[in-house]
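Look at the two complexes coming up: chain A is in both, with chain B in one and chain C in the other.
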Partner chain A sequence: MESLLDFSPLVEEFGTILTGFWSTIRLTLMSGILALIAGTILVAMRVSPTPVLRAAGTIYVNTLRNTPLTLVLLLCALGLSDTLQLHLSTDSPTNYYWWATLGLSAYTAAFVCEALRAGINTVPPGQAEAARAIGLTFPQSLRMVVLPQAFRSVIAPLGSIFIALTKNTTIVIVAGYIEASSVMKQMFDDYGGTLPIFLGFAIGYMVLTLPTGFLFGRLAKRMAVIR
Partner chain B sequence: MTENGDATPLVRVENVNKNFGALHVLKDINLTVYRGEVVVVIGPSGGGKSTLCRAINRLETIDSGTITFDGKPLPAEGKALARLRSDVGMVFQSFNLFAHKTILENVTLGPIKVRGISRDQAEKRGMELLERVGIATQASKYPAQLSGGQQQRTAIARALAMDPKMILFDEPTSALDPEMVQEVLDVMIGLARDGMTMVVVTHEMGFARRAAKRVVFMAEGQIVEENTPDDFFTNPRTDRAKDFLSKILTH
Partner chain C sequence: MSTSVLFDVPGPRARLRNNVLTLVSAVVVLGIAYLLIKGLADKGQFAGRLWEPFLRPEVWTGQIIPGLVATLEAAVVSAVLALVFGIVFGLGRLSDHTWIRVPAGAVVEFFRAIPLLLLIFFAQAGPATISGYTVSVPAFAAVVIGLTLYNGSVLAEVFRAGIHAVPKGQSEAGYALGLRKGGVMRLILLPQATTAMMPAIVSQMVVLLKDTALGWVIAYEELLNFGLKQIPANFGNLIPSAIVISLVYIAINLALGHLATVLERRSRRSRRTTATVVGTPAAVGVGGGMD
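Take a look at the complex of A and B:
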């Protein structure tokens, strides 16, 4: 019973835990940025007047959104990196970091795309018409008029996607990259599955995700487009 | 300051047809707009006025017939179409100002991104135009902070900033509170005096009488009657026009 409430492993392994969370932060930030870029490109494809681009965007989103993240990451780490020997770095941890990042961003991009597409639907059609009427081309009107307004209307849902992304980094364990959850698993193996370790890590993730939600909520209010 | 235009056609609409599903909204439309001319399109709602107006800058596609602008058929798509639209201003019923941009940014976006004019120059000219339509003091506000009349005057300034060869007005005062209609019409009358080529879909007879050279009466997708404003309003030739005028004049 005493060992169940023993907080000392958290203290002893504090450095390792911090390193684990630092890896989680790096994965989340880099994947988040890449997912945002890829998601924006995907939504541009999905609303473009070119049928081929629209179809490609739709297929991508439906494939990635409906595949378990575990499979996506295994495909990256085992399939592409190990079997096909596509290495993104000669340093093994760096290689797995990039494959994990790519897998996470490829998966998250599908959700970013769909959130943005919902955002585009909140922009009145007259905005795009006015943009075309002053002579902006389709890509210009998307970039300068439609997407900026779409983004602002989906900041809060994007926040949820980034919180999900933060927690999804725990699945990177299958891709061979060490982050917070793999540190936790190691500690469970070493010290037994005690409540303090569990609590410590749960709080650790909340320290990352609660401010994310708060920040995105604030941003959503501040950036809202008043009509 | 050409009062009557120099009689060369700017827009030529020939045998144009358009269907929305089973609804035949434009039936064999023929219309020529000359340079410097102000044409008012009037008629019952659902008669095809707005569709015709929007077809001239291809916001609405047509099923058959041809529309030429400045001697060239309207391009179907892409950069050529964007270039055409940059020469044809458009003012919408619902203003459609860019909601995330300030009044001044609304006016300078086109000149900077489409015409490639420097920001400084575009802003200088933008302020002149805002001055002209009487809202220079609102330049740094956002559209939602302005009244409907001020928003519509901004929309006119936005169209003017492109130095268009003509401006299309699609019911520019229909969404305005009554006390704001006149301020917008005054700006439009000023433009007409300066010789701007205009096609105006409106029910404002005061404007038609003061500024228009021609009134085109449309009903059920057809041009039923074309005449000078005075003759049209005092002496309509067709029963359809008489009926329509009796309904709007009694109010």
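Take a look at the complex of A and C:
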């Protein structure tokens, strides 16, 4: 029973754990940036005057949003990479890293798109009407008037998406890339599923997610468009 | 703002331009689709023998449907337990007693801040180590425990938001009539809050259903396991099988999502409640939500 609160595995494996969390951070940042870019393109498609683009955007969002992330990542790793032999790098871990990043960002982009679309809906119609009245075209009014305001009103939801993305990187375990949750699984196999190991990793994730939430919350307040 | 405000009603030149744009984008979209399909075809993924298993009834009755049943079982059991967990801790966070409110808040925030997969791993490996006996937790139980704790915490936030969405005058009127705390909650707040939070609860069910796929990691035999492990093991058709399985997931989730939209529209119209409709709860400390 005295081993129940034994924190020594955490100390012994500290280097491995840090490497694991560093992988988590890299995955989160890279997929976050890619998802933001892809999500912005998707939302432009979904509000454009061209019906084909609108339909394509809608189909993409509905497909990705309703598929489990586990399936998306498995399809990337087992399907595209292993079955179809599409390798993004000759180095095996790098290859799986990029497939995992692509899977995560493809999935997250659908949610970014929906958040931005909700943001566009919060921009008062008068803004877009005024943009049209001074002769701005659709791309111009979107770029200079609507999207800047939409982005500022969705900072908080984007923060939620970013936090969810941080937590979702754990699912990369199915795509064969080693990050914090696979390190925890390995430690459970080596030392048994002790409470200290679980708490250590839980705190590790909270160290990543809680400040992110705090930061985005403050940013949202500071950047809010006063109406 | 509706999207149509973004652009003028097109005149003749704009119509021409829009038509050209439609044509160009159609060509681009079709081009991408063509490249995808050609890429798959070049790798022989459209060979009849890979797709033929899905025409056999025994593949459906023996693998896909049992998988779907296992997925739904895990989803329904955890949904019910998560609702109970959500009610208990949601009401706990609203309590007037600090010694109930603070622990309930800590539990809810803890389970919302950590990844679901960590909970599932711990639920599977923890009991044996901690009790010192050889306890083997079935994969089903581990999935259900993880889903219950995580989604229950999210639902606790939904409940809290739902109760808060009922205008203050309602509970004040209740107290003025001589009701006690329990009576105000049971007779006035809960009935009105329920209508307001139904859409958010149903949306959370979509998240829960998708998360049952995490059972893959600990080898719980659900839809994903049958679709991406067992069927491809028999027929060597991983990609066709993944496509069929994702269509099953998409169909179920679209139906649930549609239900949420219908409920939301109905409760916005409803005169049974004075509360405003509750959105998806924030991830740790910020507004909005995704999973």
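We take it that the second predicted complex is superposed on the first by the 227 of 227 C-alpha atoms of A that agree within 3 Å, B and C clash if a C-alpha of one lies under 4 Å from a C-alpha of the other, contacts with A are read in each partner's own complex, and residues count from 1 in each chain.
Following the convention adopted for this analysis, contacts are C-beta pairs under 8 Å (C-beta built on N, C-alpha and C of every residue); 3 or more make two chains touch, one makes a residue touch a chain.
Predicted model only: the values in this text are computed from it and were never measured.
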{"item": "First, second, both or neither for A:I226, with chain B first and chain C second", "value": "first"}
{"item": "Chain B versus chain C as contact partner of A:G213, first or second or both or neither", "value": "second"}
{"item": "Superposed model, chain A: greater residue contact from chain B or chain C", "value": "C"}
{"item": "Which of chain B and chain C A:V11 touches, first, second, both or neither", "value": "neither"}
{"item": "First, second, both or neither for A:I33, with chain B first and chain C second", "value": "neither"}
{"item": "Chain B versus chain C as contact partner of A:I171, first or second or both or neither", "value": "second"}
{"item": "First, second, both or neither for A:I163, with chain B first and chain C second", "value": "second"}
{"item": "Doubly contacted residues of chain A, that is, touched by chain B and again by chain C", "value": "49, 124, 129, 132"}
{"item": "Residues of chain A that touch chain C when the two form their complex", "value": "1, 4, 47, 49-53, 56, 62-63, 65-71, 74-75, 78-79, 83-84, 108, 111, 115, 120-125, 128-129, 132, 138, 141-142, 146, 154, 156-161, 163-164, 167-168, 170-171, 173-174, 181, 184-185, 188, 192-195, 198, 201-202, 205-206, 209-210, 213-214, 216-217, 220"}
{"item": "Residues on chain A engaged by chain B in the complex (per definition of touch)", "value": "49, 124, 126-127, 129-137, 140, 144-145, 148-149, 152, 225-227"}
{"item": "Sites on chain C touched by chain A in the complex", "value": "1-3, 5-8, 10, 18, 21-22, 25-26, 29, 39-40, 43, 45, 110, 113-118, 121-122, 124-130, 132, 206, 210-214, 216-217, 224, 228, 238-239, 242, 245-246, 249-250, 253-254, 257, 282-291"}
{"item": "Chain B residues within the chain A interface of the complex", "value": "57, 59, 77-79, 82-90, 92, 94, 96-100, 109-110, 113-114, 142, 144-145, 155, 158-159, 162"}
